[in-house]
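Next, two complexes with chain A in common: one pairs it with chain B, the other with chain C.
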Partner chain A sequence: MNAAFEKHCNILDYALSALWRRRLKNGGILMVFAAVIFLVASFQLVTSALTETAGKVLAAAPEITVQRMSAGRQEAIPLAYGDRLHEIFGIRATVPRIWGYYFDEVRGANYTVLGVAPDMPQADGLGKAVSGSVPWPLGQGRVVLGRAAAATLELQPRQLFSFFRPDLSLKPMTVAGVFRPETELLTADLIAMPLADARDLFGIPASQATDLCVYVANPAEIVTIAEKISKILPDTRVLTRPQIQKTYQVVFGWRSGFASVCLLAALAAFAILAWDKASGLSPEERREIAILKILGWETSDILALRFWEGGLVAGLAFLLGITLAYFHVVFGGAALFKPVLVGWSVLQPTLSLAPPVTLKEVLLLLAFTVLPYLAVTVIPAWRAASVPAESALSG
Partner chain B sequence: MLIELENVTKVYNQGRSNEVQALTEVSLAIAPQTMVCLKGPSGSGKSTLLSIIGCIFAPTSGRATIAGKPLARLPDRFLTVHRRATIGFIFQRFNILPALSVAENIVLPLLPLGVSPKARRERAGALMDQLAIRHREHFPAGQISGGELQRVAIARALINDPPIILADEPTAHLDSRLSREFMQIMADLKAAGKTIVITSHDPLVTEHAAIDRVIGVKDGRIDVP
Partner chain C sequence: MMRRPASVLLSIVALLLAIDAGLLAAGQVRRNEMARTLPLLHSMTAALGLTDLCVATEARYTRHPAVSDPVVPFMDHPAAMEHFPTGSFWTPTIRP
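Our next item is the complex of A and B:
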C-alpha cells in the first residue's frame, strides 16, 4: 500500500484513539454540535417539505382568482362579471366559488369553507384529495372535511352536524369524506361543500360568489390574461396561481428564516465554544504533542491529526444531527417546530411530511454547520501543531 | 565523526527583550559507537546542546553536522525527517503516554512513516522480546512499574533503528538499581554499535565503565577543568 496513504490511515487510527481517550470532552462537544445541527436541519427539512406540500396541493388551485374589492376590502362578486371576461381569448372556463370562514363559537374554532361549483374544471383534483371513494361532485348537503376540522367537530361515529346561517337557523350537513393526510397543510381546517350549500350557509345570493375562478387554456398565458382581466374589471383583485404559491413560499420562508437566524446564533455560540475548547490545550495535550513532535511527527502530521479529530467529531455530529432531524420531521411530524412553522388558524394541521433530501440540501447544511466548525478550529489546530518539540525535554 | 559541532551558538528570542544566549561557541566531536555524558547543573545549556544534537533545531550560528548532514542548511521539515531517521530519544521521566498501551507507545515514531500495522507489530514485538517486556504489551503504560517504563522508553527510542540515542536525564527519577539496569542496557546498545549521548550529573551515569567521555557544560560553554 502507498506509504502516504498508510501514513494517513495511521494518523486517523491515532486520532480515533485520542478521541476515545478524551471521550468525555469530545462526547460533550459532539452532543452539543449534534443538537445544533439537528435544530438547523429540522428547520430546513420542514421548510422544504412544507413548500413542496403546498406546491402539490396548490397545483389543483385555479390558475386565476378574481375577487371584487371595495374600500380596500373584499366583497361578493356578481356572476355577471364572469360574462364580461368571455371576450378574452384563451380563457377555458370561468366558474364561481365561495371561499369563506365560519367561526364555531362552541368549540372556538375557525373553519375555512369552500363552496365548489359542479362544473369547476379542477374540482376532480379536490376530489382526488379525499380519502376513499367519495362521489364527486358532492351532492346537496354533503361535505368533505379536513382531519383537524373533523376532530374538532367530534363527529365519530355520527356523520351529521349543523352550522348556523346568518339568521341563526341551523343548516344540517352530512360528512361524505375526509381529506387525505398528505394534503393536511392546506386542508386541516377546510370544509368543502357544493356551491349552493355554501351560499346557503353564508346567505350569499345566487347571483353572487366570493371569487370567480378563471381557467386558461395555456398556462404560459396566465400573467397576460390576468392583466387583461384587471383592465376589464378595474374594481377587482386578480390573483394568479404562481402568486399564491409564491406567497406560501414567502410565508414559510419568512418563518423559517426567522427561526434560522435564531438557530444560526446558536451555531455561532457553539463555534465560540468550539474555539475555546480547541484552543485551550491542556498541559497533557501540550505534552503529548511535544512528545509526538520530538519523536518525528511533523507539524503537518499534528495538523492532520487535529483535523481528523475535528472532522470526525463534526462528521459524526452531522450524521447524528441530520438523521435525528429526518426522523423528527418525517416520523415526528416536526413536533418541536409545528407551532412556529405551520398553521394560521386555531386548527393546527397534524402533518405527514416527506422532505425531499437532496444532495443540494445536505451540502447546504454541511456548509452552514460543519465548515464553520472546521474553520474556527483551524487556528487552534495550528497553535497545537506549533507546540515546540523541545518542550518535551527537561529544560 | 558522527556528531560534529563547531563554534555553535544558540540564542533564544533573538532581538527581543527576553533574549537568552543558551550556548556560546561550543565545539564538540563525538565518534560513532561511543557513549558520552554531558554533565552540568540545571540551566547550564545541556538540554539546548541535546536539542541541537537531536536535530530539534539548528544553531543560531556555527556549524552542526549530525550523521553527515549540516543542520543549518536543512529546513524545519527536513530537520524532522533527518531526526526520525537518525535519533532515538529517551526522556527524563520517559515521557510515555500513560493512556496508550505499551505497544502503542513503542510504535509512535513509526506512525508518520506510513509503516503498516503488521510491520509495526513485528518490530515492536522484537524489541519487547529483547527488553523482556512482551508480557506487558497490551497493558496501559500508566499501570506498569518504573523499570518496565524505562524499557518501554528504550524500545520506543530504538524502534526506528537510529544510529544515535540521546537520553535526557534518564536516571533522575530512578532508584540506584534501576539506574544501574538502565546503564547496562545502554552499554549493551553501545556494544551493538549505537552512539549514545546522555545528559546527567548522576555519578551512577558519569562514572559508569561504559562511558567513554564526560563533557562538562557550564554557562552555555564546554567546561574545561
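Our next item is the complex of A and C:
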C-alpha cells in the first residue's frame, strides 16, 4: 500500500516537473480551460440564483391571473368578466388590477406603474416594506417609489412630480415613501399608487381593468378552477401561480442566444484542446515516452503519468474557473453578464445574487469539462506507450 | 532540503480550497440574510399581486415574462425584429 502510494507520489512529482518544463504551453491551456469553465459556471450560477429567488418569492403571487386577449395581444378586461366567475364554486375573491408601463422620454426610463387595490391579500402589511412611516393605504395622489425609480426621477428635496395622461394633461403626484432596499429585486422600477390614481393616469374606463386576480379557497384546486375560467371566458389567457413560478425555470435556459454563445465558445475551445491532444503526441513527447520505457517504466506507469498531467491541468483549471465564477457572481454582481442581462434598461436593480452551490451542479460541470479532457489526454498516450521503444526512438 | 513538487501543488490546491471555503461561507451569510427578508417579500408579492422579478426593465417581455405573450418580441408590428439586448439572454416563455 505504502509502496504504491510512494510510486504515485513519484509519478506525480515527475508529472509536475514535466508540466513545468513545458510551462508556457501548459499554462496557456490551463488559462483557456479555466476561462471556459468560468464562463459556463458563471452562467449556471446566475441563472440558478435568479431561478431560486423567483421560485421562493413568487410563491405568494396571485393564484390565478386572467388577461383578456384580442387579436393576439393583451387588452383591458371588462369588470363584468369578474361577475361571470361568481358561478364557479371555490373562488374566494376576484380582484381587478390596474398596472402598466410609463415611458419617461426625458430620462429614457420605463417605470412599472401599479395600482394598489385595498382588498388585495396582506395589503395592510405593505407599510412595512416602505422606508419610514407611511400611512397605509395610500391617500389619493400619493405614491411609493422603487429605489431605482426614485433615483432616476431625481426628486430630492422635492416630493412632487407629474406624469402625462394619454390626453397629455398633467397628473401631479406626491411621494409618500420609497420601498426598502431589500425589496429592490421586486420593486426597483415600481411606482405604486391607489387604484383610482392608476386608472386616472392610464385613462382606463371605470368599467375595465388591466387584468383580474382570482383567489381560490383551496390551493389544490387552482388548475381545475383555471380550466373552468378558460371555458367560461374563452377570449382570455388564464395564468396560474405554478405556471408563473415555472416561468423563471424556462426563461434562463441554455437555448437562449447568449447561453448558446457561451456554450458554443466553450465547446469550440474544448474541441481545439481535444484536437491538439487527440491528433497525437509531438515527436518530443514520443521520444520522452520511449526513453522512459527503456529506463524500465511500464505502459501502465506512462498512462498514470499522462493521467496525472491531464488531471492536474484540468483539475486546477476547474478549481480556478469555478472559484472565479463564484466570486464574479456573488461579489461582483455578475458584472460581465449584466450588460446583456439588463440590456439598455435605465432603471436597474442592484443585483445581489447568492446562488445555491449543490454537489449535483459541481459534479455535472466536472463531468462535462474535466472527464472528456482526461479521456483525450490518456488515449493518445496509451497508443504511443504501446509502441515498442526502439521504433519510437527511431522516429 | 528541496521541497517536492507535489507538496508545492498541495499548497496551491489547499490555498484555492481555503479561498473557496471562505467565499462559500460569505455567500451563505448573504443567503441567510436573504432568507430573513423572505416573509417581507412574500407579503409584498401578495399585497401588490406581483408576478415577476425586476431584473431588466427595457422591454415588457423581459420585465414581466410571466404575464407577457411568448412571442411578443415579434408582435410589435408585422416583420418586427427583436432588438433589445435582453432578448438574447431571456428565452421566450413556453407555458405548459
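Please note the rule applied: the second predicted complex is superposed on the first by the 291 of 395 C-alpha atoms of A that agree within 3 Å, B and C clash if a C-alpha of one lies under 4 Å from a C-alpha of the other, contacts with A are read in each partner's own complex, and residues count from 1 in each chain.
By definition in this document, a contact is a pair of C-beta atoms (placed from the backbone, for glycine too) under 8 Å apart; a residue touches a chain by one contact, two chains touch by 3 or more.
Because the structure is a prediction, the values reported are computed rather than measured.
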Practice task
Could you say whether A:7 touches chain B, chain C, both of them, or neither, answering first, second, both or neither?
Solution key: first
Practice task
Return first, second, both or neither, reflecting whether A:93 touches chain B, chain C, both chains, or no partner chain.
Solution key: neither
Practice task
Would you sort A:364 into first (chain B), second (chain C), both or neither based on which partner it touches?
Solution key: neither
Practice task
Between chain B and chain C, pick out the one touching the greater number of residues of chain A.
Solution key: C
Exercise for the section: Check whether A:116 is in contact with chain B, with chain C, with both or with neither, and answer first, second, both or neither. Expected result: second
Exercise for the section: Return first, second, both or neither, reflecting whether A:17 touches chain B, chain C, both chains, or no partner chain. Expected result: both
Exercise for the section: Scan A:298 for contacts with chain B and chain C and give back first, second, both or neither. Expected result: first
Practice task
In the overlay, answer first, second, both or neither for which of chain B and chain C A:151 touches.
Solution key: neither
Exercise for the section: Examine A:378 and indicate which partner it touches, taking first as chain B and second as chain C; both and neither are also allowed. Expected result: neither
Handout entry: Footprint overlap on chain A, where chain B in one structure and chain C in the other make contact
Key = 13, 17
Problem - Interface residues, chain A side, partner chain C - complex - result: 9, 12-13, 16-17, 20, 50, 53-54, 56-62, 65, 67, 72-74, 95, 97, 101, 109-110, 112, 114, 116-117, 120-123, 125-126, 128-129, 146, 148, 180, 182-190, 192, 211, 213, 239, 243-244, 246-248, 250-253, 255-259, 312, 316, 319-320, 322-323, 326-327, 330-331, 337, 339-349, 351-352, 354-357
Exercise for the section: Sort out for me which residues of chain A touch chain B in the complex. Expected result: 1-7, 10-11, 13-14, 17, 21, 287-288, 291-301, 389-390, 392-395
Fill in the blank from the handout: The chain B residues in contact with chain A across the complex are 42, 47, 50-51, 54, 56-57, 76-77, 80-81, 83-84, 89, 91-92, 95, 97, 99-100, 104, 108-117, 156, 160, 168-169, 172, 199
Problem - Interfacial residue positions of chain C with respect to chain A in the complex - result: 4-6, 8-9, 12-13, 16-17, 19-20, 23-24, 26-28, 30-31, 34, 37-38, 40-60, 62-67, 69, 75, 84-96
